[in-house]
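Here the chain labels run A, B, C and D in written order, and each chain numbers its own residues starting at 1.
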Amino acid sequence: MGLFPENRKIDFLAQGRAGLDLYASEENTDFNDVLSFKKFVGGSPGNITAMMATLGRKTGLITKVSDDLIGKYVISYFDSIGSDTSQIIKDSSGSRTSLAITEMKPDNCGVIIYRNKASDQQLAPEEISEDYIGQAAGIVISGFALSEAPGRDSAIIAIEYAKRQGTTVILDLDYRPYSWRSDYEASIYMGIAAEKADILIGNDEEFAVLNKIMYPETVNDGKAAVKPWLDRGCSLVIYKQGGGKGALAIEKDGTEHEGRLYKVVLKKPFGAGDAFLGTTLHYLMKDGDVANAIDKGAAAASIVISRKSCSAASPTEKEINDFISTYK
Amino acid sequence: MGLFPENRKIDFLAQGRAGLDLYASEENTDFNDVLSFKKFVGGSPGNITAMMATLGRKTGLITKVSDDLIGKYVISYFDSIGSDTSQIIKDSSGSRTSLAITEMKPDNCGVIIYRNKASDQQLAPEEISEDYIGQAAGIVISGFALSEAPGRDSAIIAIEYAKRQGTTVILDLDYRPYSWRSDYEASIYMGIAAEKADILIGNDEEFAVLNKIMYPETVNDGKAAVKPWLDRGCSLVIYKQGGGKGALAIEKDGTEHEGRLYKVVLKKPFGAGDAFLGTTLHYLMKDGDVANAIDKGAAAASIVISRKSCSAASPTEKEINDFISTYK
Amino acid sequence: MGLFPENRKIDFLAQGRAGLDLYASEENTDFNDVLSFKKFVGGSPGNITAMMATLGRKTGLITKVSDDLIGKYVISYFDSIGSDTSQIIKDSSGSRTSLAITEMKPDNCGVIIYRNKASDQQLAPEEISEDYIGQAAGIVISGFALSEAPGRDSAIIAIEYAKRQGTTVILDLDYRPYSWRSDYEASIYMGIAAEKADILIGNDEEFAVLNKIMYPETVNDGKAAVKPWLDRGCSLVIYKQGGGKGALAIEKDGTEHEGRLYKVVLKKPFGAGDAFLGTTLHYLMKDGDVANAIDKGAAAASIVISRKSCSAASPTEKEINDFISTYK
Amino acid sequence: MGLFPENRKIDFLAQGRAGLDLYASEENTDFNDVLSFKKFVGGSPGNITAMMATLGRKTGLITKVSDDLIGKYVISYFDSIGSDTSQIIKDSSGSRTSLAITEMKPDNCGVIIYRNKASDQQLAPEEISEDYIGQAAGIVISGFALSEAPGRDSAIIAIEYAKRQGTTVILDLDYRPYSWRSDYEASIYMGIAAEKADILIGNDEEFAVLNKIMYPETVNDGKAAVKPWLDRGCSLVIYKQGGGKGALAIEKDGTEHEGRLYKVVLKKPFGAGDAFLGTTLHYLMKDGDVANAIDKGAAAASIVISRKSCSAASPTEKEINDFISTYK
């Protein structure tokens, strides 16, 4: 399908937060009774990178972490899975690596996020290398990175460099209300990024906020909310439908692919989106078969959500294939 | 030339700061020896609006002022010259109306600006009315307004509304280094706005900063710095050449118009750009004759720079014509 | 009365803001109709210093101004009246010299203050010289300087140095509600300073805020509000009674001096307090006669309030004596 | 020795941070290799409270936590050990409960602290109850709480209320350089608090910073650094000598008590100071025997430092006595 340029040294870069995730060791246990937390690397772009690296992709992260044991741990984790860490910058300004502490429950799962003066949002546009981006076939931008300056400015400049270098821009809307001043602000900056995206991914809430400024008449209107973006410049939009349905992928020429959902017993309610996206991108790059890509993505999402971590729970191609073939 | 839509209730809106200007009463006098300051309304968008209103245009300002005597004075001034003030919002958060205090010298003219927590930069995107913008044929956006959130977000959203409503977007780059975190930041946001502009105006320094990200190879390269913007979407770029030369206006089809400079005895070194732009826009809207428009603009610029204020010194059509006909 | 140490090189220092005052040239005129503003140096500590210098005292100011024409003007003004300016520090961090723009009316007189990131509040404790304070017989601390860090920390450290050096501490409560987070905060820090003060001056509102924490039962209770401070350590408290009455000065042994008010035709409602304090301190230092000092102070206050500026309107000893002798 | 008032409902209050501590489960293991962290409540005032509660004291905490699972856990922990939690306020402003993540090593033990917009420092003076403080015999103020407004203002007002209510003020200097703008600032505010303290505790570095303003000539001078505080108003100063020595307690009349150190095998290098202070205060309140109190305190300190947590590792009276009697 020609979504990606050929002959690039790196398959995928991701820009945005990568941090520390601490998951309760005890399942189905209230926070007060949890005795300990298991240590993982997390953050949406971090998880997506881990997913793609597990599937054999050459990856790299563009982000900032604190210059302390946690920041160094994050870097060492990506080193250990073969992801390039040359653009993970250490910051000593008093910022802190993004941190999430969670219970381990299938639903009503408590999560506490520490993101006051988060290191990833201190990434400045002067620190983004156009050459580095030009070495990649694709770059995943987290919409969340657009929520605060100068991280926001860095995401916008990375997209501009990518367009100039012919690197495919994948925008994961990744909208979290708590990180924006208002949904107006979110719509403006997600819109600026979405106009330049080649591949656009989001769910109902995310397209609703995105469209608030651009297509207010389509808010919360399913396909009507996502299709206009193909006219705006996207080659592919992937709409995570929710409500028991799978993903809907629509190509520029209008071809639609309705993906399925693989029902599993959840350990926790998060991790699905990142596994889905990392896997889908891997298979899209493999052979451009959209239907197959989102199907594999759905399987990976369900595998990860049935496990007790995210990055470290990323399945291999074999595990994905086995899961699908044995699924009832 | 078809630059503007027809049949709009308002000719021109301007968005950005309008504040208090206090000019030394005594000419050629050092600050310490100045006894008093004369009171005027100023701020680039405010001066441009005053210029256009003086030439008979129906105008309006979109901005924020402090809810105090100074803010009320600014509003009353625009009421008095017939400019619509319905979108000048009063702010009680502790912000202050932009203020400039200046000497009155032809060069080495001291200026002190008070813009810490300036009211105009508190304008929020939720406060911008798409309907109001849709009533105008053109909207002048000051690039300076892009230098700080949420004023920045409001300028971006105003441009988006203008594009949707078919209102012509005029971007006056208006770059002041002191108001930006870095020139990278300036380039990013001025670029986001410039991509949507129909008419783009700036000088060497301003195009250099704008192009830092977009066309780095053209920095400080005269025409090469401004022409690419016609490919990007502008219908008209006006390059204030400086160095003793007049303005250079280039149309989308490549037609160039080299404007002249009218030499005068300066009272002060500021005010020229705003008078130039307001006058040029007036004549462009009149009959689309670009060469005539920038010529009238150059005359107005020289008239204002030879007078001791800006907004209140805006010349009428008759004064401009008389100036040109008597010029040697 | 032994209020001050002998044989000091400097009579009085003042610590706190000194800035630019711009007073409307036209009397009894609404802001919108004012054509120009006259330039003076102002700010309560600045005015008190000008008053004392006019009466022949050796003075100095400890403060910060912006490193621009306005800051340099302020320094040059105090140089011109013979006040030591060695501890007026110029700041280039983007702060601005305190600025007040006013109408010129006897009442309902509009005032607009520009104090967002005011330079005087950027004064840091490391910048206070204990030796310099030790050269003075008395130091006037403006309670207003306690309203924001690090200016607050600098005022506290200046008081500590003064106590160590035997320099008399005069605390002018100078409470402006708009500059504090809450009256709790004001009470705490004004209290910390008042406990170390030798001479304490304030009005009803100011003692009410001060006592909120210390003597809540005395709030708004006239003499009961001020007397406890003599037990806390003050040698003299001066209570500006208001409501048509003059000042009430109470010495440590309980001796009370009821001052008078000199009725005059006001040009403006401000400037009285600073002229009163500067003059009272001058005469206290002269011969310790409290009754005479506050009487001379009341006269100076009325003279200044009947004139159209503050610092530049400071009367000489002769003018004060003539005023009193001709008063009916 | 009469250090505390009699017949109070509460024995000791503590004011300052109480938060989440996550200690590596694996001992002597580098952060990257740690698999999980054990969950405890921490923060110096929190640990001191836990120590005193374990020894049977009626305690209470005055602080702020975030209104989330972590804040609720902290409150539930103190409920569970019988400490009053009525003055632990939940904050929803986006602040976060103080958090420390640590390795578990006897030395070179890595610690990462998350305190950007820490909830405890959001405690405002209006939220401090004079009545509540008056119910206590003693209140432990953490000097760390003085490092940031408005927590700083709250600590100062709590001390003022305590003095008025006859509640004994114990100031634990608890100086952490990273939390202050400069050591000048630390000296000023620790000094303001120390002047009102009845019992003062600190080590060399802490007294050096405290004295920087007050007694600069005694900096780093052992006993000379701490004795002047007895003249200033303290009834008892406890100097944690370090360098292999125990604590030195000096009473107002000059009586000195040289405490010992109990050598143990460390699991971690922190927790000693809090256990020491909590225990010493308990025994001081019991019978006023200073020598015995600091001896018991030293034992508790060593017990806690040989265990793998702090609050939860607080020893009982029996454990302390057994430790001392079996110590070789």
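Quick note on the criterion: a contact is a pair of C-beta atoms (placed from the backbone, for glycine too) under 8 Å apart; a residue touches a chain by one contact, two chains touch by 3 or more.
Just so it is clear, the model here is predicted, and its values are computed rather than measured.
K.L.:
Counting only Cα atoms for the centres, state how far chain C is from chain D in Å.
P.N.:
Here the centre of chain D sits 41 Å away from the centre of chain C.
K.L.:
How many angstrom lie between the centres of chain B and chain D, each centre taken as the mean Cα position?
P.N.:
Going by mean C-alpha positions, chain B sits 60 Å from chain D.
K.L.:
Quick one: report the Å distance separating chain B from chain C, using the average Cα coordinate of each chain.
P.N.:
Roughly 43 Å, centre to centre.
K.L.:
Of all residues in chain C, which are in touch with two or more distinct other chains?
P.N.:
Residues of chain C touching two or more partner chains: there are none.
K.L.:
If you connect every pair of chains that touch, what shape comes out? Choose line, ring, star, complete or other.
P.N.:
Drawn as a graph, the chains make one closed cycle, so a ring.
K.L.:
Tell me, which pairs of chains are in touch?
P.N.:
Those chain pairs which touch are A-B, A-D, B-C, C-D.
K.L.:
Of all residues in chain C, which touch chain B in the complex?
P.N.:
22, 25, 31-32, 34-39, 66, 68-70, 72-73, 76, 94-96, 99, 101, 103, 110, 112, 114, 116-117
K.L.:
Which of the residues in chain B come into contact with chain A in the complex?
P.N.:
Answer in residue numbers: 124-126, 149-150, 153, 156-157, 160, 181-182, 184-185, 188-189, 191-192, 213-214.
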